[in-house]
Amino acid sequence: MIAVEGVVKRFGAHTVLGGVSLTVAPGEVVTILGSSGSGKSTLIRCINGLETLDGGRVTVDGLDVADPRQLAQARRLSATVFQLFNLYPHMTVLRNITLAPELVLRRPKNEVEAQARALLASVGLAGKADSYPGQLSGGQRQRVGICRALAMNPRYLLLDEVTSALDPEMTAEVLAILARLATQGTTMLFVTHEVEFARRISTRIVFLDQGRLIVDLPTDQFFAADGGLAHPRIRQFLSKMAPSSTVAGAPVSEILA
Amino acid sequence: MRHAGFTWHDGALLAQGLGVSLGLFAGTFLIGLILGSGAAVVRHFRVPALGTLLHTGLELLRNSPVLVQLFLVFFGVPALIHQPLTPVFAAGLTLSANTAAFVYFIAVAGLDAVGRDQVEAARAFGLSRIQLVRHILGPQALTFAVAPLVGLAVNQLQVTSLVSVIGVVDLTKAGDILNLRTLRPFAVWAMVGVLYFAAAKTLTLLGNRWERRLRAHAAPLGL
Amino acid sequence: MPFDLTVLTPHLDTLLAGALLTAGVCALGIAAAFALATALGVLAVGGGWAGRLARLYVDVFRNVPFVVQVFFLFYGLPEVGVYIDAFWTGVLALGLVGGAYGSDVVRSGILAIEPGVVEAAKVGGLSRPAIIRRIVLPIALRTAIRPLGSVFVNLVLSSSILSMITLDEVTGTARGVASETYRPFEVYAFLLAAYAGLTYAVSLGIDALHRRLNRHMADNGAARGAAPGAMEGTA
């Protein structure tokens, strides 16, 4: 279980996270919604140890990420997919995927490569193993990013606005893969602007507003008129999202109606 | 001076040497600046033959050791023209030409960084070539070139240390003389090093101040 | 006395021997400079006393003339009991000064790396040494090849100064040939052209190496400007 307890994060005088608590249990798909600057990405970065905490505690299966030793262990349990892919530009697609499993998990090279090739095939990139990131489209790069995370066999998959840098067509490619992962029971913590998609795959949705977690509800209750929608900030957020959130299913405007 | 063998005369010798080094640097850098940017302007306006000739010559100077250039001018040229050159003249000639070579390549890059559309606009308004260089190309190219020029200046100050080998009594030669007299090379070369270091840092400081002022003027232009 | 290069013919063997010594001292000096530049470049990026020390080192060696450094090593060190012969003084001096100039290049190469790429390696669980060796340096050195190349070309030119500490590299042998033949102009003109030709060839080689090693590096690994708003949303 990922447990976030009263986490505080400041950048200078600006408080980005003002005491946020959240848990993600195995098997859950938890989506974090919130407008830009609400602290969503920072929360993910506090969980994978890229930010130091100014207060509170984050544990991954009991391992405290503030402790360097335990963080090293915790990082074997979770894997992150980034908004801007962050692939290693000087390595082939295959090497991007196999590097950490080989060096960190010390798994045998041929086994990791076989898994990497299988993962690439499953996201429709079987022919790209020997390409370099610079030769791929954004959507292809993000699919590689997902393979790189999955090759760590993580218990928890952290996804930080993974489609924000992609055009609608590429976004659809990537979301299709994530939807499949969700149905396969992968535990995910998902920061996104794709409200409609979140509604479809999440077990729970939390809403961050100015560094505070104001709603944490099962998905159907979040979208219920007497649940999350009763909250004015959430109604405001969803109505702003409406025009661009028609990826699948009913547009958000219908929910609000 | 703490070391037993040193006298106040030695301080005077070093100070004099430093003066010669700084003077030689200032003079040759100024001449090199004028010659190098002149050559860059010639190149920019694509003067046939002359442009190519200058480019090749300056490329040769940039890609060969200054020491060999000094030998060529001080020992080689007199053998060819049957006319001896004084060490200071040979040093001045060599360092000016060498500086010009580096200035030329910095200035060419600076001029190329100014958009062709501006040149065309200025020509359309009827500016002459000289007016174009003075009012449009020059000031903008300078803002691009100032940082590399400051770096070049620090470098050329250090290059002056080579003229000691043809007998100019600069700071390095003064160190050499001092060394022969006191036989304390460790202290002497450390001291000479400190003096060069101080001179170079002062030059960097002045250069950076000049660069900031220039950039402050250029800022409203969006450069 | 008209310009006549044939006077050099009987001395080509001597000059070639000098050129080989230049090649040797430069090859070793460049190798040392590369190793030192890499180490100092990594240290200089970091904070703390190690970073400060690295930056101080660079500052000193960049602001003292090479000839003074060489004299200090060759004449100064024996006074305190350290004896190094002319050849190894040359290697050491080239390595020390090349390390200083090169480390600035490596440092800016490191600073130009997309931070997200390093973050990806961190959350992947790679150790700090593994991140430096497998991610940071391979990327930084690729972007640094061209400027590092000019540092090394300058080292080759600076190596002529080693003739001043009795090392008979090519400039030193040329001095001998010049005084023997009484044809200094021909000797030094030939030498100047030889250095220029050599450095030109080296820079062509560096350009080719740069293109080869960077042929896949379309960018620094991130989608800068790949889509509108790509850089926003650090919520």
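By letter and in written order, the chains are A, B and C; residue numbering begins at 1 in each of them.
What we mean here is this: a contact is a pair of C-beta atoms (placed from the backbone, for glycine too) under 8 Å apart; a residue touches a chain by one contact, two chains touch by 3 or more.
Which protein is which chain? UniProt says A = Amino acid ABC transporter ATP-binding protein (PAAT family); B = Amino acid ABC transporter membrane protein 2 (PAAT family).
For clarity, every value in this text was computed on a predicted model and none was experimentally measured.
Of all chains, A has its CA centroid at the greatest distance from the CA centroid of chain C. A summary of chain positions shows that the Cα centroid lying nearest the centre of all protein Cα atoms is that of chain C. Once the centre of each chain is set as its mean CA position, chain B and chain C turn out to be 22 Å apart. Chain geometry summary: the mean Cα position of chain A and that of chain C are 44 Å apart.
If you average the CA atoms of chain A and of chain B, the two centres end up 56 Å from each other. Across the interface of their complex, chain C is touched by residues 59-60, 63-69, 71-72, 75-77, 79-80, 154, 158-159, 161-162, 164-165, 172, 175, 179, 184-186, 188-190, 192-193, 196-197, 200-201, 204 of chain B. Taken together, the chain C residues at the contact with chain A in this complex read 114, 116-117, 119-126, 130, 134-135, 138-139, 142, 216-223, 226-227, 229-230, 232-235. By the touch rule above, chain C contacts chain B in their complex via residues 1, 3, 60, 62-69, 71-72, 75-80, 153, 157-161, 163-164, 171, 174-175, 178, 182-189, 191-193, 195-196, 199-200.
Contact residues of chain A toward chain C in the complex are 34-42, 48-50, 72, 75-76, 78-80, 82-90, 99-100, 103-105, 132-135, 138, 141, 148, 152, 161, 164-167, 191, 193, 208.
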